[in-house]
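Here come two complexes built around chain A, the first alongside chain B, the second alongside chain C.
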Partner chain A sequence: MNVAVAPAAGYPRWRQRLSPWSVGAAAMISVLLVPIAVVALSMLGRSSPTWQHICDTVLTTYLWNTALLVAGVGACTLVIGVSCAWLVTFYRFPGRAVLSWALVLPFAIPTYIAAYCYADLQDLVGVDMMNLPGAILVVSLVLYPYVYLITCSTLQGQSGRILESSQSLGRGAAYSFWRLGFPIARPAIVGGMTLVTMEVLNEYGAVHYYGVDTFTTGIFKVWYGMDDTQGAMRLAATLMMLVLALLLLERLQRGRKQFTTCGSDYRPCMPGQLRGSVSWLAAGWCTLPVLLGFLFPVGQLLIWLKQSGASSFGAGFAKIAGQSFVLASCAALTTVIVAVILAYTVRLHRSRLITALSKASALGYSMPGAVIAIGVMVTVVAADRGVLRHVAGFFGAKPGLILTSSIVVLLFAYVLRYLTVAVNPIEAGFERLCGSMDEASRALGHSPLKTLLQVNLPLAKSTLIAAALLVFVDVLKELPLTLILRPTNFETLATKTFELAGEEMIAQSAIGALLIVATGIVPILILDRLLCSKRPT
Partner chain B sequence: MFPMRNLLFICISLVLFGCSKPSATPAAEITVYTHRHYPADQALFDAFSRESGITVNVLKAKADELIKRLEIEGAESAADVLITVDAGRLVRAKEKGLLQAVQSDTISERIPAAMQDPDSQWFALTKRARVLVYAKDRVDVATLSSYESLMDEQWRGRILVRSSQNIYNQSLLASITHHHGGEAAEAWAKAVVANMARTPKGNDRDQIRAVAAGKGDLAIVNTYYLGLLLNADDPADQALAGHMGVFFPNQGDRGTHINVSGIGVTAHAPNREGAIKLIEFLARKDSQEVFAQSNYEYPVNPQAQAGELLQSWGEFKSDTVPLTLLGELNTEAAQTFDRAGWR
Partner chain C sequence: MSAALVLRDVTKQFRNAEHAAVANVSLEVSVGEVITILGESGGGKSTLLRLIGGFELPDLGEILLNGETLNSPQMFCAPESRGISMVFQGHSLFPHMTVRDNIAYGLHRMKSSARDQEIERMLTLTELSGLQQRYPHELSGGQQQRVAIARSLAPKPSVMLLDEPFSSLDRTLATQIRNDLADLMRRSGATTLWVTHTTEDAMAISDRIAVMHQGRLVQLGTPESVFCRPQTRYVAELLGPANLLRVQQQDGQRFCPALAAMVETELPTPTHAVVRPDDIVCELRKDGPATVRRTAFQGTFMELTVDSASEQVRVHYRGPERFAVGDSVALSAPAQRVWVISDPG
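And then the complex of A and B:
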């Protein structure tokens, strides 16, 4: 099935290719790819002695750990995310209304904070958490909401008729889900898993603290330990190639299969009532991730807060919280707009070039933040110098690095980093939309823009919201980019929290971590209200 | 075309000027790039602003990242000073041409020559010692002597220490490399690895707590983190103090290894005078005592008193290896750790 609108008769193909959409999308992506190119180009240089040293000594261990971590976290997030999304969407059981949004909450907890909380758990229960299995557990508990949220919004978008038909034909609920619900949601689930994998690949703080060295450890070892930035960037570029292969695989598995809901009889499926012990089992299963991923860390943070008091954060916390909220909102909005333009251009033109470019933008997410920050800074400083020369010539003044010292650079970096977080669910959301609706709208004389605004966006609302939420919370807890690229005197909740936690003042950092969580909950709750309109109770 | 382009640039720059903070006259502000993320530092910057009328703008990140930012920003950088938490990073910044020499009699009076770069490009602000913390009930203090003695088999399965990626471990190994040569340093690292109670993980705080939990008997830690832990709000942490002994190694020979946090004026500092004033201020007796009292660091100004807790550990002899050498040997030390299998 081809969703693209056929070119109007007599309209030359190149004209269609060169529509404002494709040109705009290509231009946007090109700008975003510059920092990635800066890192990729480092591969051209000669290999350094430190690289040789890493190969000779520790690389095998790092690669092995990375593989185990990715596989472990991938399996855990898949099981937790999909099973909870399935239960919450298709069944009624005690606590379901609360659990449906509470399951997203662990996402608001920065990974390294969860790691600190669980490190203290071992004092209580005597289980050593600071090892590879512990790292897998902790990272999975804060990352599964990626899979959960995306799967949920996809399953809720499915027409209930499909599963009901299957069930009325005598198939059980589990069989129907496995043969119909799951395959339809598969692109979205794999999209979520891709995000988790990339997040794991660039994860540094928590796993390093737990004594697990991954490929990212190698990158920082070369940079910080051996003062070889070029070598570190080359390692990051290697990691990028790995991710590129991963993305191609994802593309292949998606293949040519398309699942869309056509026709006017769309209506959400009615969840079935679970009874007796099964319903309590479902409730227990869905409570577990919330308990371990959210309630326990928050409880630990509250204990620390009680010990240290709120004074460590100073009086400015309200301002910092507000600032973080606005920054994360702006970043989420910008990222989603860019993602929509990209996804819609792909839908409009099926252009391989744009598809490839939009996939390439995902690379910004796979690199450690500190490395991508170098690429961003090189780009922005060069742009600054370009602007600088003209402005200075005009005013005869020396204005300094204007862009570099403004908030603009942070927004640019966030879009670059989190674009794929938004593009993935939005593309999957668009793919589920029936192409004939676009065609009908276009046939009625609406422009592509009007079709997007009046047909596609309203239909894909829940995925847009999910995408915006993911980016918002991600930016809220983002650390390395913000630390390196921020203007002077600029603090976010994440930087303020890290300042203390990084200096081993864990208890004093609790107030900051709790504020991150609190600020993250606000949009989760608001957006849940919006999403709920679609979820029958 | 031409006027249009200029117009565009004017618009863009006006918007950006609007975005960026309005600045007072350039002479009235300085910009600090710092790896020190302590509340005590902010208090000192505020005090400096009140006293001198110079606004202090602060950017906090890791030293390596700040150095990279300085490199990329080049001559247009807004930074006036760079502050790091170890001498090695200042040596790196100096080698990359990111710092400049500063002549100030006031600074020379307040900071001893051994605590400065020979070319006056950077100055130490505070000192921390790498000491041994041991469980009093399990370790006879008479068996402790030096870093070298940790190679002994009697410590098999008893030593706790963090990852080799930690700069304080790298500096320690750099000092051993300086005193005994590269091969001996690698042998030392290998022997300590063999004696470790577990694979290195966690931070210094975790090593001390692991000693308390009986996972090992002795930990190699930084006095700064030890001070933090013993003064922590967590009653469980405070209770550790009674069970723990602090030992300063190598008092019989070269002295205990120390590392410093330090400051340098950047090569393209827009406000060089202000930057020098800040260094003079931070080296002054009262500022040095703020570092010592609220941050558990040893002051570099000999007139300043160490904090109460640090004084209770007594005076000690510190290793006089030139700080510059620690920086120069840093990369070698990091690689030696990898060969020795010290995670």
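And then the complex of A and C:
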């Protein structure tokens, strides 16, 4: 018969493990993780006198305020998120269809913008918001969608049969939810609250504006006010330990129990009809978060915009907006490229090391922006002073700080912080869309690179776009990291809004804030689609 | 015939797995031969195929193709450089390419005129000529199947691997396509390794059957030899309904109490006689040593469960007699239809 001779281009086994892919991905992640390691290692170093001073004076305040903020926001988001998710999933009442997605809208409002909008409340109704309870309320109003969304999707994923069997055993709907629906959704709810807590720890603009001293504001004070790198690093490291402990706790609470509905018994549950005043109460309860978390801030911004006009943002509004969009686009593109390489290498090699590295890359997202910024700053300055001076000296050039305060460093920090936002959907997309298609391509004689370009990427196109958009919006509204790492006099929409608010010119910042909010609605639409496609049909 | 594909002591152990997915498998496949790998799911069949395709790395052992080493503890050859093509479960057709582009995908080393000619040939061979501009989702299950085969055959691979190619089709359709496909493979002369868990498919299409159980290759032979002369209880029961009847020593000879007959064997320690239910003769006899326990009408035959020498024997009876529960009967089987094994397990 006519058999093509196998080319049989064999090579030593070690080269299979050390392919350009695995080496490249490992190198990328290692470089990305350096700043985090630098912060962690600072705990071991010598403590400065200022650090001693910080410990003696403000550390307790930082800890206490941060703890109260986390606990308060946790409790509020739990109550708002779970109650609304429960009502929307299990009952019919007026406006339910609109509210079920409108409840996600506060996602679009960054905490610092919500904080500015509520600061005026004292003038309006005589309530002083500029304190810890005020900060808790405002932050909760825009962060509860984490809990709401995740609870909704878990409750909807539960089979209606579970509740039906409970009802057939003579239990009412409310009791069934308390004993079955809520406990089954518990790990997901805790997962959502973990995300909320991370956002709270990352929070800078709102607490700074409301004058609440937390770890993040402390890092800024020590870094800029006292000019003490060591002290700021130690604060960052302490905050990092808190985050790691939190992640560990979250992992532990999930335990061994299986909480997914088993088998083919899935059937969506039929929501029960609420009647009379109860139904209006439910509608009112679910409208309140949308009203306070989205409509009020947006309304306030619109009023300000009308008062001060579009030109008040400063002459450079178009320039700053353009700059922000270009920066966010570059960050999104870089992040997606790194994420694709990482996700594809995981798929290609399925080795323990690569998988572990890909998991480790998620650390960036759980770290507060200020912690990452400090780590990146210290690393880059050291690299500039050390390595580059040698290189420059070799060529006879005058050494300067080349990397420090450059856009490249800012991009690097964004990739570190938001890599997971892109890796997760891309990994899932490759898994879901490509099945064994990339292996089929290999069996037909195409190299891994060609397979990626011809099979994986075209098939996962919409996932790639979604991932890029998610990163884009996150970068656009990012504040603490950008504040620390941006080049001098480089403004983004977020930093300019923050500055104007700080100079008591909130009204003038309205146009920038509105633009951030408007782009923030985009990922909500994407998220809704992603969640919909995950639901069993 | 010369060996195209050679496996020597190939072993693959996955992390956290109880036993090796593939344990010490050695196999020689001749050029143009069709071998089916038969076994239950989880028996290591698919892993063996993926090892040959280059998608998994063996822990130990060697895989050679036409004398060249593909895998050894020192060497590795990437899947794309092996000249082995694979048809995956569920076909894995590229949904963003037409039928024609799918088939052309593996022909990138050909000149374009030769490529067009080859595509035409494959389209004709697989009877897909009018469908070349369709996308996979616009085809029936059977047509998708044929595109997958055409795509894999087109680059003229040294070896074709097929992983449960019918698992996504319904049974009646699968039988029809199986026969078409078997003809196609024979005509193309490709050396083929075919994984299935359906005994009927394995018997119908293969030159030889390799039975795998818990990662081990337990028996290799022609369909007839594997069916009629199984080496273990597992193989006997996998290939079709079987009675495994106790064999004991009596007066220096081997005796099967359930059949009340001596059996012939050269095994030093025989344990069971394998007798297919179709091969047992059942006769009504007043003083018969066996009793009918249960009867079930099965259309073309009557299935009887008979108690004989404190063993239950299944019989497929096709005669005119109508048995009732409690009837006394006598069982026998022609000596050449009784196969003795040694399987203490």
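Quick note on the criterion: the second predicted complex is superposed on the first by the 304 of 537 C-alpha atoms of A that agree within 3 Å, B and C clash if a C-alpha of one lies under 4 Å from a C-alpha of the other, contacts with A are read in each partner's own complex, and residues count from 1 in each chain.
Going forward, contacts are C-beta pairs under 8 Å (C-beta built on N, C-alpha and C of every residue); 3 or more make two chains touch, one makes a residue touch a chain.
No experiment lies behind these values; they were computed from the predicted model shown.
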Contact-wise, after the overlay, does A:333 reach chain B, chain C, both or neither (first, second, both, neither)?
neither
Once the structures are superposed on A, label A:436 by its partner contacts, choosing first (chain B), second (chain C), both or neither.
second
Taking the superposition on A as described, I'd like to know which of chain B and chain C A:504 touches: first, second, both or neither.
first
With both complexes superposed on chain A, which partner does A:457 reach: first (chain B), second (chain C), both or neither?
neither
Chain B or chain C: which reaches more residues on chain A?
B
Can A:213 be said to touch chain B (first), chain C (second), both, or neither?
first
Quick check on the superposed pair: does A:37 touch chain B, chain C, both, or neither? Answer first, second, both or neither.
neither
Between chain B (first) and chain C (second), which, if any, makes contact with A:447: first, second, both or neither?
second
Would you please give the residues of chain A that touch chain B in one complex and also touch chain C in the other complex?
none
State the interface residues of chain A toward chain C in the complex, per the touch definition above.
1-13, 15-16, 352, 435-437, 439-447, 454-455, 458-459
Within their complex, chain C touches chain A through residues 15, 31-32, 53-55, 57, 65-66, 68-70, 72-86, 88-90, 92-96, 105-106, 108-109, 151-152, 155-158, 161, 188-191
Residues of chain B touching chain A in the complex:
5-6, 9-10, 12-13, 16-17, 19-21, 31, 37-39, 57-62, 64-65, 68-69, 72-74, 76-78, 92, 163, 165, 167, 170, 199-206, 209, 213, 225, 228-229, 232-236, 330-331, 334-335, 338-339, 343
Residue ranges of chain A in contact with chain B within the complex:
50, 53-54, 57-58, 119, 123, 130-131, 208-211, 213, 217, 220-221, 223-227, 229, 304, 307-309, 312, 314, 370, 373-374, 377-378, 381, 384-385, 387-388, 390-391, 394, 399-408, 480, 483-484, 486-489, 495, 498-500, 502-508
